[in-house]
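One structure, as structure tokens, below. Some questions next.
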Amino acid sequence: MCYGRFRNVATDGLRPPAPPPPTNHSILTTRTHARILEGQTVIVPGTDLTGAFRDQYTRTYRHMLLARVLEDRLAAVYRAGGKIVGGVYVGRGQEAFSAALGVQLRKGHDVYGPLIRDQAGRIAFGEPILDAIRTYLGSIKGPMRGRDGNIHRGRPREGMPPMISHLGSFTAVINGMLMARRLQGREAERAVGGTGIGDGGLSTGAFHEALNQAAVERLPLVVAVANNQYAYSTPTSRQFACHDLIDRARGYGVRGQVVDGTDLAACLKAFTDAVQRARAGEGPQVVIGKLLRLSGHGEHDDASYVDPALRKGQAGRDCLEVAQTFLLDQDWATAAELSAWQREAESEVDAAFAIVYREALPDPYQESWQALSRADLVEGSSHAGPEL
Amino acid sequence: MCYGRFRNVATDGLRPPAPPPPTNHSILTTRTHARILEGQTVIVPGTDLTGAFRDQYTRTYRHMLLARVLEDRLAAVYRAGGKIVGGVYVGRGQEAFSAALGVQLRKGHDVYGPLIRDQAGRIAFGEPILDAIRTYLGSIKGPMRGRDGNIHRGRPREGMPPMISHLGSFTAVINGMLMARRLQGREAERAVGGTGIGDGGLSTGAFHEALNQAAVERLPLVVAVANNQYAYSTPTSRQFACHDLIDRARGYGVRGQVVDGTDLAACLKAFTDAVQRARAGEGPQVVIGKLLRLSGHGEHDDASYVDPALRKGQAGRDCLEVAQTFLLDQDWATAAELSAWQREAESEVDAAFAIVYREALPDPYQESWQALSRADLVEGSSHAGPEL
Amino acid sequence: MSITYLEAIRLAQQEALASDPRVFLYGQDIGAFGGAFKATKGLHEAFPGRVIDAPISEDAMVGMAIGAAIEGMRPIIEMQFADFSSVGFNQIVNNAGTQFYRTDVPCPITVRLPSGGTPGSGPFHSQSLDSIYAHYPGLVILTPATVEDAYTMLLEAVQIDDPTLFCEHKYLYYHLKADALPDEALPVGRARIARPGIHATVVAYSAMVHESLRAAEELAAEGWQIEVVDLRSVKPMDTDTILGSVARTGRLLAVGETFPWGGATAEVISRVASEGFHLLDAPPQRLNSKDTPIPYHPNLWKVHRPTAQTIASSLRQLLRY
Amino acid sequence: MSITYLEAIRLAQQEALASDPRVFLYGQDIGAFGGAFKATKGLHEAFPGRVIDAPISEDAMVGMAIGAAIEGMRPIIEMQFADFSSVGFNQIVNNAGTQFYRTDVPCPITVRLPSGGTPGSGPFHSQSLDSIYAHYPGLVILTPATVEDAYTMLLEAVQIDDPTLFCEHKYLYYHLKADALPDEALPVGRARIARPGIHATVVAYSAMVHESLRAAEELAAEGWQIEVVDLRSVKPMDTDTILGSVARTGRLLAVGETFPWGGATAEVISRVASEGFHLLDAPPQRLNSKDTPIPYHPNLWKVHRPTAQTIASSLRQLLRY
């Protein structure tokens, strides 16, 4: 999203942002284990810990894991230089919150509008990781064909349009997709639209207008507000002044929940409820996740401005580690299984990169250079900039 | 504000919008009296009914009265045709709510950003009625010199900048004026900024950004939200979905109050409190007035879409009549005094019109046609449109 | 029967709603009220649920249209005044305008912009934004000057798969009348010779076509035959027709109601200077509104924009060369 | 000592803050963080309370600046990218731009717009909005092409009593260096002959000046002496210097990085065609970016905008005429 010079990662004793993972490590190192024991998953009362929930939890965990492995790799490729220009923006620390929404939505039926840090949600919704890698690397086989990059990708026809950079302006687009279904008389299908916004994006007029619009139209919109404590370098104290973001939802007449965004169980519960209510016709739902961006704003940013106390607190927990402990504690997975899943994710990412590395990059001489679908309305080449 | 063809006022049995007042009538006709008796002023507990309050109430009433007389005249001139083009936008029914804020602010010290229906607030703040008449008629002696019209007027150097039409975009300007004083080290002066917004304007992204900005900066801003039930023809049900607008304020971390906007005593109390708190450094304050626009959107509009039930309810009371009853009931004024004040207001308006009618209208050959203050940066005339 | 420009717009929307289930209307006060100008009068009742009142949220209005278009709808957005589209500007140029290029999925939205000056409307209810939007890739900008074009081009706008800005001129709403609506029309992208001539070409669009025609009339009395080209759409701009006309007359005046820096008239002059230089017998000239906000008072307003009188005097100078 | 274009911008802001108590800075992440590009690095500490982090609210950022300017301050607003000013567009063109004309009270705000393309930045972090803002009355549009101009023009911007858009080019941030900062400069509104020549004139601004200079260099090897005019500000535009140059060379190519329809190059061509027609020995030509969103991948990006290579080939065609 943001342009910046490449910088070395600060190694200042705090956890450095997104270090490239050693290729063959076990995910449960001693240090990791210690951290997990410090911060336990709070099991939300009433959570069904059997059957369907176990299945959903485990599936979602694996989406999170794949997102983490993929983004670590993208960051490493970015740092190595040459292949990825522009920037890499990861969702480290936000995978549970992101995937917990994505996994509730059915591709081909629901609508999903992922934002900057929603790699995990995208995977959970069903975006192939090839789309991500192709877009970052600019492959002409990717959905954006080198025309747009990194997180600015999507497939509108498959219910997942691409965001534009201007924060807040995406939400109304999701509203429109839901409105279309209503106008087409398809409300009985009970499709839902999920999307995200950050603590910073909340300040945009565009988001205000869109959430209000959804409330007035009582659209089945679910908004995941990822309060990761910072908008780039700006702390929430410079972004809003309300006591609790839940009050924002109330101001629109919209139902809100607050969850610990580092706890997958809590996130799944909240989004299951929100999506169910939206499907049932109860109108827009807001879920606010308390968490911390465990990376720089982009990989060019060392995030040295982040308050160390936040890193050490509940919001600073790594949701992936929290989920691992939970899986082990519940006996839903053994350490060996976790390692196997990790290796599977790595192989999947390896394989996808191997494919994309062989693909062609865009060729300006093959490019249509047409911004309109109606070719007969495109201005003659003499008015359309330099010829090749 | 809005362009429209001249239309005859519907005489459909409902109160027609803003009928031109008979010149020599007594304000307390039998019919008027009857209405007043139906809806009593609710005296807010703790209201000081003596001395200063009586004085303030009476003064504010006279501002309201002058605004009503002035706007009725402007509407009549508009209907007669020829002198006023474009439109006339009145604050009929909103005078108490508007003036109650304006009267709290000290010209030359505080900042005031009046909106469409704030003629009464303008008078209360100290804008001479000549400014209004000159702007409507386009006199070159007016503050806008024919360059802008009707309610788009102000004197930025005197703490009262003019709004632009784009709703919501004015609030941040008031923030900036307050911010300037802070940066100039003048916070000890405890100047306050008052401004307004309608139930429709609340939907704009611009207003959201600005109120949030004021909250983050803890600026001494007082926002009068005139919920007059309609934005042009659009009822509030198509504008927002929250249970109570007070929730909006909370969503910004801003203190809010709701008042009966037809009751001058309640309005004065609310704004006295809000302005005091803002002066004391408690940050932005929102006061929501429940009332009804007792006119068309502009004088071209017969407002036939207004729900008759609203006209008959509490919000449909005429704040001027309510105040008259209150003055009589409290023995703060006699019927004869009320009539005398009315005549004074009429004379004042007569006299002002007489002055303005003799003033020159803008002459395109005298006009500077320069949009920049730095004359040396103005483009040569050959690039600046048709020569005269 | 006599149909105004405004009524043609209303009828086109009625026709679009009646013939295409994908069409819906969204805008402030366009429902039961029928719109600030009554361009949607009666449509709310005739097409239940498809003519929808919007909150005062231009950004979200356009955003909603984009989403609906992606899902196969054909939204028509009414801005209450073109001037207020400045608040939906980002969605129009950055979201709608880039959609097809980025995703290969078209974005068929129509945004109606009640445009242009009328006496007493002032700086914020008078603007023409055609040239602002035409600057951006991915948008089609229609600027109808006649009742017939208002009707057929709005119908065509709805059928165009790309985001289309329909710049309808408020001054023409009531001033322009036609006896009947046409069955056929020039396609979008083709200019029209509004009046043939041999001594000079005036290229204009929207309300300025009529000022130019009046100027041509005035000059006819002086023996000059002025050709008036009505662009119909400023993007795409029909360079061939412009060049064809200049080939006949050798003289060019471009007239527009937008502000003078850049914009449609600069685009016309540049194309002719670059591609038809040898056709020109005199320096090409242009006439726009003045480089100030649009003034409120009619005394000022009527000299702020080009008029038949200033067009005629520019033409006299051009012919003297 | 070697000073980059970016450092010049930082130093100008430091100088403005130090010398004028009315100056303050407002923008996203510009405080302790020093800005997305580090253009305000260290200023938050050096000038406590005067370098203020804004929420992600471009509309309110500009609105706030207008109010502060009315009260006698000299705000500098940093947009994180020029592209995001589209969300503050209404405040810039309709509120700041009309303030003086409507009220006679000037509105001295400076809005810094990190502009222009860089590889990999894509459609929403690469735009140049100079031509959009120049279209509106009441605004001054600066487009510095050199380290020296970046410094002196930003200082001058703060002193100008009118709303000034400072279009700084991101590609030049690190690519351009100077040995020292100047003590004097041409006034705003005056163009500069960046390279003298006799065979053709290239009029350019911002990053395109450097592409043009490289093209001129290339053609020098072929025996052509190309004059390069650096506009420095696109509004006001220094028509006299342009005409003077065309009078010497008889040939004109206008080069800009904005989209092709309308904009600065059309304005240049139109002025010369209207006022300097007889000076031209060949049809004036222009070169802009292509009429699509700005593509992300460097392979596409580098042919989307004009480059030394395409400028040189346009010049060869122009000289062949």
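A, B, C and D are the chain letters, set down in written order, and residue numbers restart from 1 in every chain.
One rule holds for everything that comes next: contacts are C-beta pairs under 8 Å (C-beta built on N, C-alpha and C of every residue); 3 or more make two chains touch, one makes a residue touch a chain.
Just so you know, these numbers come straight off a predicted model, no measurement behind them.
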Computing the C-alpha centre of each chain, which chain sits at the greatest distance from subunit B?
A
Distance from the CA centroid of subunit A to that of subunit B, rounded to the nearest Å?
46
Between subunit B and subunit C, what's the gap in Å when you average each chain's C-alpha atoms?
36
Distance between the centres, which are taken as Cα means, of subunit C and subunit A, whole angstrom:
42
Note the residues in subunit B that touch 2 or more other chains, in rising order.
144, 147-148, 152, 164, 166, 168, 203-206, 209, 212, 216, 238-240, 370-371, 378-379, 383
On subunit C, where are the residues touching two or more other chains?
54-55, 57, 59-60, 83, 86-87, 90, 94, 97-98, 101-102, 123-124, 137-138, 235, 237, 259, 261, 274-275, 290-293
Have a look at which chains touch which and call the overall pattern line, ring, star, complete or other.
complete
Which positions of subunit C touch subunit D when the two form their complex?
83, 86-87, 89-90, 93-94, 97-98, 101-102, 123-124, 131-132, 134-138, 235, 237, 258-259, 261-267, 269-270, 272-275, 277-278, 280, 282-286, 290-293
Touching residues on subunit A, where the partner in the complex is subunit D
1-5, 84-87, 138, 144, 146-150, 152, 164-168, 200-201, 203-206, 231-234, 238-240, 305, 361-364, 367, 369-371, 378-379, 383-388
Enumerate the contact residues on subunit C facing subunit A in the complex.
24, 49-50, 54-55, 57, 59-73, 75, 90-91, 94-95, 97-106, 137-138, 140, 160-162, 188-189, 235-237, 239, 271, 274-275
Looking at the complex, which residues from subunit B come into contact with subunit D?
143-145, 147-148, 152, 154-157, 161-162, 164, 166, 169-181, 183-184, 205-206, 209-210, 212-213, 216, 370-374, 376-380, 382-383
Residues of subunit A that touch subunit B when the two form their complex
168, 203-209, 212, 215-216, 218, 237-243, 247-254, 283
